[in-house]
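Listed after this line are the structures, all set down as structure tokens.
First chain A sits with chain B, and in the next complex the same chain sits with chain C.
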Partner chain A sequence: MKFKLGTMAVAALMAASPAMAELVFPSLSYRTGPYAASGIPFADGYADYFTMLNARDGGIGGVMTTVPECETAYNTEKGVECYESLKGGGGLVYQPLSTGITYQLIPKVTADNIPMLTTGLGRTSAKNGRVFSHVFNFPANYWDGASVAVKHMLDEEGGDLSGKKVTLVYHNSAYGKEPIRTLTELSKKHGFEFNEVPVDHPGQEQKSQWLQIRRDKPDYVIMYGWGVMNQVAIQEAVNIRFPMDKFIGIWWSGSENDVLSAGAGADGYKAVTFHNVGADYPLYDDLKKYVYDEGKAAGAGDQSGTVIYNRGIYGAMLVAEAAKKAQEIHGTANITPSQMRDGMEALEITEEKMTELGLPGFGPEFKVTCENHGGNGFAAMTQWNAETKEWTLISDFVQSDQEVIQSLIEEDSNAYAAENSIEDHCS
Partner chain B sequence: MPEQLAYTIEVFLNGLMAGVLYALVALGFVLIYKASGIFNYAQGVMALFAAMTLVGIQNGQVPFAHLINAIFGTDVHKFGWSVHSFVAIALTVVVMIGLAWAVQRFVFRHLVGQEAIILFMATIGLAYLLEGVADLMWGSELKALDVCAAEGVCLPQGLNSWIDETTFETFGYGFFIDNLDIVASIVAAILVVGLVMFAQYTKQGRAMRAVADDHQAALSVGVSLNFIWILVWSLAGFVALVAGIMWGAKSGVQFSLSLIALKALPVLMLGGFTSIPGAIVGGLIIGVGEKLFEFLIGAPFLGGATENWFAYMLALLFLVFRPQGLFGERIIERV
Partner chain C sequence: MFYREAGDFNTSYAEDQQTFPIKFDRYRYYVVLFIAIVVVPFTVNDYWVNSIFMPFLIYTIAAIGLNILVGYCGQVSLGTGGFMAVGAYACYKLMTAMPEVSMFIHVLLAGVITAAVGVLFGLPSLRIKGFYLAVATLAAQFFLVWLFNRFPWFYNYSASGQINAPERDTFGIIITGPSTEAWAAYAFCLVFTIFSAYVARNLTRGSVGRKWMAIRDMDIAAEIIGVNPLRAKLTAFAVSSFFIGISGALFFAIYLGAVEVGEAFGIQKSFLVLFMIIIGGLGSIFGSFAGAAFLVLLPVALKVVGVDLLGWPTDIVAHLQLVIVGLLIIVFLIAEPHGIAQLWRVAKDKLRLWPFPH
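== the complex of A and B ==
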């Protein structure tokens, strides 16, 4: 009833407004540079979803959307420049797609009263909305990813990891180091031996690391890699004949790009994900009808259904739903970034809503609150089939170990709050 | 054999193999610097461009397809055929010769007699231009690279079983040596012998050496500077193609392939900018040095990931005592 009244209010307001501006969803894309292979599908998916909303629904709440792109080339300085240059255009929410850019933008977006969504990346403890008022990282973060990987190992080993060896191969950067504390805590809890093997950027040469893994003979290897590091690591794992079904990548190490170059050897490789795979969803029928067939697809139009394209679609869907929520809360279709933030903080994604959107079973259910900006920490496992060249979801969306993760989040975010004299945003 | 000794020998051997791959990249730098005094910042991008061209030709991809489709509203992407690896390599060599001609004709011909720093900056511009052209021509997506002599007979990768089994029987520990590294070592050896023989025993090779020794003296005896520079850039293009194939086979062909140049810099600092054997020896020293340091000190005591900085530290150390590098020409300036 409440929702219907809100919708009616928005509709009445729209009818009363003779002309309205567009809802701006800036895209900090990276279509060039060493990481372009991952940046292109995300940017295409993000843009295609809004193109579809415009063509099918007339935008969001009757207001057309626009997606201005700014090329960051995955470079932190350029990313900040992009934010600054697009800020004047009324961008409702920014998705920086880079942990480095995220760290730079956290104080800026907070001061500018603009929300930022860092799904599956960025500062994990930003989940604590009491401290990070303008940063959201639903539905899952790096620590959830590590915990779900360990849960999968527990399933594989009959619930007991004691005496097992788990090695983390990671990109030697702030991003790659994120899961170390979580895995250290989980190793104490479950009694497995945990080792770390860093790989320096860009990661084109990893002989030392994989010789070390060959000598250590771990039972499982978890990878937090990026770009060329992923492809080389998977190839090296194939070379040393490491069993692929014991090799688990985080979602940034789990796209077609990462496994294709290793050919048949990559068969069975696994990755954690916070969204489903493939193109077998009713939403894709609408994308075909309103976007692809109309020649409106972003980029070359050849990324449809890939893992990272789906991530772009998912990222766009989340902010579009948050925008609808903001319109409903504030009774206006023409929302501001500040109102958008409120919408994000009240977002609830249910399976019913996902089905309504044409994406049944595509992502986990979650509810955002003032205190919890990161959702409920659900993620699933995917596995690569080298013969069909497809990823398959091989588990349900399962919740990470909240007992371990929540305490780490509290500890890290409270330290940040003390360091920066931040008051409780929710009190 | 004690386990630790076996591991050390394995790391040493793999360091040698990695060094060969570094040397392959460094060779291209040396060729151009030796003949023209230009430090070619674009060498890494040339490897990327060559590898992308090779895969594009192999897969029958229409060059500049995105641009053509955007301008003419067409939807062309592939010719509908695939090209045999050897033919594709030959065609890529032709493209690299064309690139050498264009670079000489449109850039360096206009910069004859300029300061070395100007020429260096021109190569920076060239690197970004070439990266953009490669993107427009073949697209940014990652491409798998398979160079095959026949159906199923492709560049081998992975553990060499014979070495693994033999060393296991002999030492009680099976050494890991990558088949691709063995192939790369053989190819590098053939390449170096070929380049040395070309320089020593052919007319063009002797002319190349004459230009390297003294441009003006070479000009005065009728050597065409233009031709020699096109020749040298073509050779560097060929070396870039070989490096692109070897590195691209490992990681797929993608834009980060251009970053392999970073691996060549310490090799050049150590081996000297003007010596082909220097590039090889420098590569081997860097490869072995960084791998042994990582194994013996880096991983156990420093948390690992020491290879990148250690390679440069090692090169710096050599620079302090021998500024021209191990095999570089001694710098003598008379006052």
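== the complex of A and C ==
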């Protein structure tokens, strides 16, 4: 028995400790807790993309990839523990998928010289690469999302929002509070009345909030929610018979998990997105051939094609392309985190490249520069069809109000730079 | 054989009344201190400090604080998370208002501010007792979290409502911020832990502590023998909140570096610290250490075994963790209702007689 345990431990150790020449893409996932519904599809998509790269191309640039996972349960303390334990394994880039953990890691990754990608989340002003040298948030951020939602309202209302009421239902955390400043600025610019309704973590109880909304009768409701909060909010909106086509979620409040439980009532609910929806891409054929059919799918393997699974694929694709770029720049296949950072700063996503990768028209084109770590802020609207149980894109990818957002980003990032005495990293 | 009083002759009152009257015990204590102060700082890396030592030391301070209130004075409190938040936000405001002052002073001042807030919320304890007091302190918990979320002054009007610890030093050594050396953060927390344990131990052995215990055991009887319940209860709230405030300040400034009040100092934090002292042992300083160690180390240990050694899926390990920790708490409370500290006491009594129990 003793012998058996010993050999098991040795075998497990050998399996767990990666061989030297591997590109490590750590995944700070959350498959448990109140945010699991949103965390599982992303983690699955992220892992499946790299599994496919390994099986199809033999990794990236001839080096195999590995995706060690660490469960954070969306909890910042566990996030720190995970970051520290994965750091020892030589992680090239972190994608925490949690704004709280992102805030914690921004100073840490900068000091440890490891890049971090927070696609569509995290600290919005990290777009300013002069201040945030190691943090990237392309192709779009929270403020872009808020601005595109307002643009959509303008389209619906014939270009005039004056006198309209807009209410923001938000997760009472750093994440949910992010768009408040942008929406306040936009309300001044377009003359609409703006109200805030916070929902405390985890958001399973929202009766009083929706009672308030019923009393206020806003023309539009914007939601910045996550995890179980989304399902509850949509159900409550159905209960008070709020018109669904006037209810707009940010991209984190626009997945199948959020609307399915409300049934037919959720029909017409809208959400902002920075990438396309559905599984109708050539890449999915490869995924099916090399991953699903081989039985290598991560998790339960039932998330394929959902919105957040696609986002996981997209996140993995972006860092894989950045790794290729880094290999190209530094002329070595075994890149370090610091070289990876250079690759991310030189990343350029074009339509040809996405077509080549099997994802034509999947996301916006953008080019990362030293000054701009956040892309160009293009996003589109999707709408839920409860009958076919599908999200469909109902608008083109439009650019957010750069004039308003850019000045807010300058203001916030310069305040951070002054507070932490950071010098301009680009000059 | 080794662990007994025989042959250990005390010749003064001071010797007779020391914390560790048995020689073997005393030397063991010195060895632990020696390892913690001299050996550990030179051998630790980032992982050990950030994942194990720092949470352990900081939660120990919080547990000592709560133990004074609940274990020694018998006033049940569910406001620990809220009071830790007071310490954290006080520390943040002080750090950003006076960058040149040493972190030592900021953390101590954060403790003093929390003590004042604690006294304020302790006032109802003169009228209400037991479960009702628990509910009153629960109100403090929710009120304080709401307060720090509601008024932007507390988080210096930052867009996200988060507070971030800027780089600060003490005696020229960087203590907060990302460029902190692992040993510096460890040493800073260790100083506060030793200080808290030392002060708490000596307070609870003296007249103040005896008054608290008198109130805990029977408040009417205590009043009859001349204990002023107002002073006893309020000092307990003040001292307890002082330590909890220190732990909150360290938790924010040294350990996490960025904090969001609802997530970091919510009701679950109050329960966590309460579980620590219940498992560790109410009314025992050692129990505070043991309880904090149990609840900090066990999840990490289970994760290392499950994920890193056995290679199981992370979600299964996370669920198993909840099951195992929960199960162990129940087993512990059935097998030893007085906590780990009582086990330790029993072990010591047995050791005294060993190897000839009869």
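In this text, the second predicted complex is superposed on the first by the 407 of 427 C-alpha atoms of A that agree within 3 Å, B and C clash if a C-alpha of one lies under 4 Å from a C-alpha of the other, contacts with A are read in each partner's own complex, and residues count from 1 in each chain.
The rule we apply is simple: a contact is a pair of C-beta atoms (placed from the backbone, for glycine too) under 8 Å apart; a residue touches a chain by one contact, two chains touch by 3 or more.
These numbers come from a predicted model, not from an experiment.
Chemist: Both complexes share chain A, so when I overlay them there, do chain B and chain C fit or clash?
Modeler: clash
Chemist: Under the stated touch criterion, name the partner, chain B or chain C, that contacts more residues in chain A.
Modeler: Greater contact footprint in residues on chain A: C.
Chemist: Pick one for A:R215: touches chain B only (first), chain C only (second), both, or neither.
Modeler: Touch status of A:R215: first partner only.
Chemist: Considering only touches as defined above, state whether A:Q235 meets chain B (first), chain C (second), both or neither.
Modeler: Touch partner of A:Q235: chain B, not chain C.
Chemist: One more residue to check, A:N172. First (chain B), second (chain C), both or neither?
Modeler: A:N172: touches chain B and chain C.
Chemist: After superposition on the shared chain, which partner residues are touched by A:R31: those of chain B (first), chain C (second), both, or neither?
Modeler: both
Chemist: Please work out whether A:D200 is in contact with chain B alone, chain C alone, both, or neither, and reply first, second, both or neither.
Modeler: After superposing on A, A:D200 lies in contact with both chain B and chain C.
Chemist: Go through the superposed model and pick first if A:E387 touches only chain B, second if only chain C, both, or neither.
Modeler: Neither partner.
Chemist: Of the partners chain B and chain C, which touch A:D280 in the superposed model: first, second, both, neither?
Modeler: It touches nothing on chain B or chain C.
Chemist: For A:K87, decide between first (touching chain B), second (touching chain C), both and neither.
Modeler: A:K87: touches chain C, not chain B.
Chemist: With the two complexes overlaid, spot the stretch of chain C among 58-66, 112-120, 130-138 or 202-210 whose C-alpha atoms clash with chain B.
Modeler: 130-138
Chemist: Just which bits of chain A does chain B share with chain C as contact spots?
Modeler: Comparing the two interfaces on chain A, one with chain B and one with chain C, the shared residues are 31-32, 36, 40, 172, 198, 200.
Chemist: Which residues of chain C touch chain A once you look at their complex with the stated criterion?
Modeler: 46-47, 50-51, 55, 96, 149, 159-162, 164, 166-167, 177-179, 255-260, 262-264, 266, 300, 303, 307-311, 313-315, 317-319
Chemist: Which part of chain A faces chain B closely enough to touch in the complex?
Modeler: 31-37, 40, 172, 196-200, 202, 204-205, 207-209, 211-212, 214-215, 227-228, 231-232, 235, 238-241, 257, 260-261, 263, 265, 300, 302
Chemist: Contact residues on chain A for chain C in the complex?
Modeler: Listed in rising order, the residues are 8-9, 12-13, 15-16, 29, 31-32, 36, 40, 69-71, 73, 75-77, 80-81, 84-85, 87-88, 99-100, 103-104, 106-108, 110-112, 123-125, 172-175, 177-178, 180-181, 198, 200-201, 299, 412, 419-421.
Chemist: Write out the stretch or stretches of chain B touching chain A in their complex.
Modeler: 7, 10-11, 14-15, 17-18, 21, 66, 69, 77, 135, 139-142, 144-146, 157-159, 176, 178, 247, 250-252, 254-260, 263, 290-291, 294-295, 298-299, 303-305, 307-308
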